[in-house]
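Chain IDs A, B, C and D follow the sequence of writing; residue 1 opens each chain.
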Amino acid sequence: MKRIGILTSGGDAPGMNAAIRSVVRSGLSQGIEVFGIYDGYQGLVEDKIRQLDRGDVSDIIIQGGTVLGSARLEEFKLLEIRQKAIENLKKHEIEGLVVIGGDGSYRGALALHEMGVPCIGVPATIDNDIASTEYSIGFDTALNTVIDNVDKLRDTSSSHHRCSVIEVMGNRCGDLAIYAGITTGAELIITKETGYDEMEVLERLQHIEESKKKRHAMVIISEKITDVELLAEKISRHTNFSGRSTVLGHIQRGGSPTARDRILATQFGDRAVQLLLNDVSGQCVAVNHGEIVSIDLPEALKIPRRSRKDLFELHERLV
Amino acid sequence: MKRIGILTSGGDAPGMNAAIRSVVRSGLSQGIEVFGIYDGYQGLVEDKIRQLDRGDVSDIIIQGGTVLGSARLEEFKLLEIRQKAIENLKKHEIEGLVVIGGDGSYRGALALHEMGVPCIGVPATIDNDIASTEYSIGFDTALNTVIDNVDKLRDTSSSHHRCSVIEVMGNRCGDLAIYAGITTGAELIITKETGYDEMEVLERLQHIEESKKKRHAMVIISEKITDVELLAEKISRHTNFSGRSTVLGHIQRGGSPTARDRILATQFGDRAVQLLLNDVSGQCVAVNHGEIVSIDLPEALKIPRRSRKDLFELHERLV
Amino acid sequence: MKRIGILTSGGDAPGMNAAIRSVVRSGLSQGIEVFGIYDGYQGLVEDKIRQLDRGDVSDIIIQGGTVLGSARLEEFKLLEIRQKAIENLKKHEIEGLVVIGGDGSYRGALALHEMGVPCIGVPATIDNDIASTEYSIGFDTALNTVIDNVDKLRDTSSSHHRCSVIEVMGNRCGDLAIYAGITTGAELIITKETGYDEMEVLERLQHIEESKKKRHAMVIISEKITDVELLAEKISRHTNFSGRSTVLGHIQRGGSPTARDRILATQFGDRAVQLLLNDVSGQCVAVNHGEIVSIDLPEALKIPRRSRKDLFELHERLV
Amino acid sequence: MKRIGILTSGGDAPGMNAAIRSVVRSGLSQGIEVFGIYDGYQGLVEDKIRQLDRGDVSDIIIQGGTVLGSARLEEFKLLEIRQKAIENLKKHEIEGLVVIGGDGSYRGALALHEMGVPCIGVPATIDNDIASTEYSIGFDTALNTVIDNVDKLRDTSSSHHRCSVIEVMGNRCGDLAIYAGITTGAELIITKETGYDEMEVLERLQHIEESKKKRHAMVIISEKITDVELLAEKISRHTNFSGRSTVLGHIQRGGSPTARDRILATQFGDRAVQLLLNDVSGQCVAVNHGEIVSIDLPEALKIPRRSRKDLFELHERLV
C-alpha cells in the first residue's frame, strides 16, 4: 500500500482533527502518502481530494471540528454513486481508506470494502452512540462541556430556588445524560432507557423539595424525549421550585478536545494505519475492556447497545 | 451609623458575591456591623436577616450567583409592605442599606430612602441594561461566557457549511449582542436598536455566502426579537448555508466572575459603604468615564439608554 | 457494619471530594453512618473526627482539593501511634475505614488491616503513580490542566521562535509527561523511563529547527530530571531557538475535577463501601482493563510500574 | 494614503491578533491596502513584508500571540538601520505604519516619525506597564489567567494548611499583582510600589495564621522582587504555614484573548487607521478616563507611572 485516503463523515466531534493528524503523520512516517478527502463521502464522489503533508496537520490537535469538513450523503447507498467514488480513488491511486464517523459512516465503509476498497472505520460521535466501542472520539469533550455549563447553571439556580431542566444531546444513546447526571449531582436523569413519566417527575421533584430542603434541583434529560420548555412550566406550576429549561444544543459539538479525546483519537488513527498496512480491511477500531482493538464491521454493526442499569443504580444510591 | 444591611435583588449576576464580600469586609474594618438580608426585598419583609462576619464571606469572591439569594417582589411598591420592611430594619437596628441589583431594585431603594432609610444602590445585571452606569457587575462575565460558547460553535459551524444563529440575553439593552458580535467576528448583529427585517437578514447572508466564499457565518441576536429556530429554518431554505439556532439562556448568568467583575464589584461595594458612612443616601454607584462615581437615584433612573451607533459602525467596517 | 470512617491522605488530588461524597452518600443510603476524619492519619491519631450527613457533601463534587484536609504522618509506621488511631476508631465505634490516597496511604491502611481494622484503599494521585491501577483519581484533571497551559505557551512560543521547556509533576511515574507530550504535539518528551542526555536533547532540537522549519518547539519533562531553567539557557546558546522554561508546579493539583475524575471517584467510593459491607478488608479498588476491580493490598503494592514503551513509540511515529 | 504597514514588537500579548485584524479590515473597507511586516522592526529591516487581505485575518481574533511574529531589535536605535527600514517601506510604497507594542516599540515609532514616516503606536503589554494608557491590550487576559491559576492553588492550599507564594509578571508595573491580589482575596500583595521587607512579611503571615484561624494564605508578588522559592522555605520555617512557591511565568502571555482585550484591540486598531487617514503621525492611541484617545508620542513617553495607592488601601480594608 502506497497511498491512503482519509475522510470525516456525519456529525463532527472534537478530536476528529487529532485522528486526522495521527493518520497523516503515522502514514508518512511509515512511507505512505496520505490524501485528505473533503466533506465526507460527498467529497469522495465529487473528487474533492488533495494530498496532505506534515505541515497541513500541524497544531490541529488542539482544534475542535474537522479541518476536512463533514457532510451526510444519503445517496451513498446507491451503487452507481459508490462506483463514482471508487473511480475517484483509482484516479488518485488511493489504495485504502480511513473513515472517521459513526455507524452510518461505517455502513458506507462496509459497502466500499465489499466492492474491494480496503476500509477501516474510526469511531467519533459526541453522544457515544456507537455500540461497538466503549468510548468514541468526542464524548469526553462533550461531557466536560455539559458539566461546565451545568456547574454554571447551579450558581444561578441556587440563587433563585430554581429547578433547572437541561437537555443534552443523545437520543439513541443516553450516555451524555447519565454521565452528566452523576458527575454534576443532578437530582433526576431521564433517558430513553429510563423512560419518561411526567407525573412521576413532578412528584419526585416536589418530594425532593419538601424532604431534602434543597434550594435548587437539576434534571438532565436526553434530547427528543419531551419539550423541556413545557416541562419547566409544569415544574413551576406543580412544585415549589421555579422551573427553567436550557437546551445545550450545538455547543456540545465544539471546543478544543480534552486530553482523553486527543489521546484516544491519536491511538485510533495510528491503529487504523497499521491495520491498512497489514492488509486488513472491513474493520473498525474500538475500545474494548479499556484496550484498543479492531472488529469486523458487520459484527460491529450488530452489537446491541449497552444498558446503563448499573450507572442508574449508582445514581439512585447517591442522589 | 453602627449597623448596615445588604441585599441582592432581581436577576442574579456573577460578581454579586464579590460585592457582598466587599460591603461586609469594608464595613467591619471601619467598625460597623453588617447584616445579610436573604432573598431580596422579600426577605426584608419576611425578616430573613442575619449578621455576617468576616468568615461568612471568605472565598465567595470566586463564586457566581449570590449567597444571599435573590427574588422579585412586585408588592414592594405597596406602602404597607415597605413599612413592614422598615419595621424589620428597626428591629435589628439597621440604619442603612446597600441594595445590589438593577433599575427595579433601585426603585425599591429610592422608595425606602424617601421613607427615611439611608439606601445606596449598586448596579448588577448581566445585560448591562442600567443606563446610569457604563458597566454593571456581571456584564463582563456574561460576555466572556457568550464568546467562549460562540467560539465553540465556530468549530462545528465551519465543519458543516453552517450559519449559526445565537440568541443572547438582553432585550431592553443589546450590549451583550453587539459586544459579542464584534469580539467573535460575527457576520450579523441584531438588537432592538438595529431593528429586524427578516428579508434583509436572509439577503445579507446569501450575499456573504456568495461574495466572500465563507464556510460558515454567525448571527448574534438579542432575545425576544424573533423566534431563532424559525429563522434558522428559513436560512436553510433561502440561503446556501445550513441554519442552526442556539439559545444560550441561563448559562449566561453563571460562572465564576471575571477579574473585571470582581474588581468592579469590590470597588462598588466599598464605595457604597463609604457613602453610607458619610451620611449619603438615595444614590447609586456607577462607572462614568471609567471612574467610580455616585449619582442621585431619581436622576440615575431618568438617564436614557446609550446608543451603540459607534459600535455598529465599527462592526460594519470590520465584518 | 454500622459505622465507617473516611480519610484523605498524602498529596491532594482533584476528585477526592467526589470520592468522599460517594462514600458518604452510598453509606447513608445503605443504612450505615459515615464519619469524616480530618487531616489524614494525623487526624485519626489526634481524634479529629466528626459525623457527616448528606448535606455536608452537597455540591462538593465540583470542588478540587479535599474538604477533609490531608497531611503526611511519618510516625504512622510506629505501632504505638497506630494503636492510638485504633483507640479513636473504637471510641467512635467506627468499624471500617476508607483511605483515599497513594501507595504510602495504602501501606498505612494495610498496617491497620493487619491490626484488625477493616480497610479499603482508593487510589488518588495526580501523577498516576499507583502501579495497581490504570488510572488514579486526579490524573485526568491534572493532565487537562497541563495541556490547557501548554496550549497557552504554544501561542506565545510561535510568536517568538521559541523552544518552551515545560516541567510537569511525576518523578516516579512519567505518565503526565508522556500523555501531555502526545496530546499537545510536543517535539520531545523526557521522563525517568526515557532517560536524559543533554547533548542529545540539544542536537535533536537543532535538527528539528533546521529540518522541519518549525517556528516553535516544545519539550515536556518530568520533575526532578534536570534544572529546566539551565536547560532553557543551553537551548538558547546551542540551537537557533530561544529557550524558555516553565515549571507548572502546584497548579497541577487544583481545579474542578473533570468528568472522568468525577465518575471514577464516584465509582471507586461506592465500590469501597460495598466491599466493607461485604466484610472485605485489606484491599484497594483499581481500574484494570477498563473495569473497576479490587486487589489485595500486599499484592497491589508489589505490582511493578508499567512501561510506556508503546506510547513513546507512538510519539516517535507522529512527532 | 494608499498603503499602510503593520507590525507587532516586543513581548507578545493576547489581543495583538485582534488589533491586526482590525487594522487590516478597517483599512481595506476604507480603500487602502495593508501590508504585514513579520517579526517586528527586524522584519522591517530585513524586508519580511507581504500584503494581507481579508481572509488572512479571518478567525484570528480568537487566537493568542501574534500571527505576524514579534522580536526585539536593539540596533533599531542606529540611524543606518532605520534608514534601511525606510527604504523597505518605500520599496513597497507603504506610506504609514501602525506599531503594536510597548514603550520600547513607541520609541522606534517616534524615531521613524521624526524621519518622515507617519506612525501610530498601539499599546499592548500583558503587565499594563505603558503609563500613557489606563489599559493596554493583553492585560485583562493575563489577569484572568492569573486568577484562574490562583483559584486552582486555593483548592490545594486549603487542603494542606499551606501558604502559596505566587510570582506574577510585571516588574516596572505591579498592576498584575495588585489586581490579582484584590480579585483573589490574597492575604498579601507585594510590588515594587509596596517595597519588600522579608521580616515584616513573615510576621504578618504568622499574625494572620494565629488571629484569623485561616487554613490557607496567599501572597501575590511581582517578578524580580525576591526569590520566591527561598521565601516559601522561610515561611515554612518561621510560620505555622507550610510555604510553597509558584512562578506563573510565560503562561501569562498565552491564551485566547478575553472579551475586553478583543474589543479594546479592535477599537485601538480602527482608531489607528483613522488617524493615519487623517494625516496624523507620531501619536499613540490610549484609554483615558475610559475613552479611546490619542496622544503625541513624546508626551506619552514622559507620563509618569500611576500609583496604585488607592487600590492598596482598598485591599487593606478588605483583607
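We adopt the following convention: a residue touches a chain if its C-beta (ideal position, glycine included) is under 8 Å from a C-beta of that chain, and two chains touch if they have at least 3 such contacts.
This is a predicted model, so every value here is computed, not measured.
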Quiz prompt | Chain centre separation in whole Å, for chain C relative to chain B (CA means) | solution = 40
Practice problem: Take the average of all CA coordinates in chain A, do the same for chain B, and state the distance between these two points in whole angstrom. | Solution: 35
Quiz prompt | Interchain centroid distance [CA atoms averaged], chain B/chain D, Å | solution = 28
Exercise. Provide the list of chain D residues touching at least two other chains, using ranges where the numbers run on.
Key: 151, 154
Exercise. Make each chain a node and each touching pair an edge, then name the shape: line, ring, star, complete, other.
Key: ring
Practice problem: State which pairs of chains touch, listing all of them. | Solution: A-B, A-C, B-D, C-D
Practice problem: Provide the residue numbers of chain A that touch chain B in the complex, in ascending order. | Solution: 8, 12, 14, 63-66, 69-71, 145, 149, 151-156, 158-161, 164, 215, 244-247, 249-251, 253-255
Quiz prompt | Sites on chain D touched by chain B in the complex | solution = 18, 21-22, 25-26, 29-30, 54, 58-59, 61-62, 134, 140, 143-144, 147, 151, 154, 179-180, 182-185, 212, 256, 258-260, 262-263, 266-267, 270, 287-291, 314, 316-319
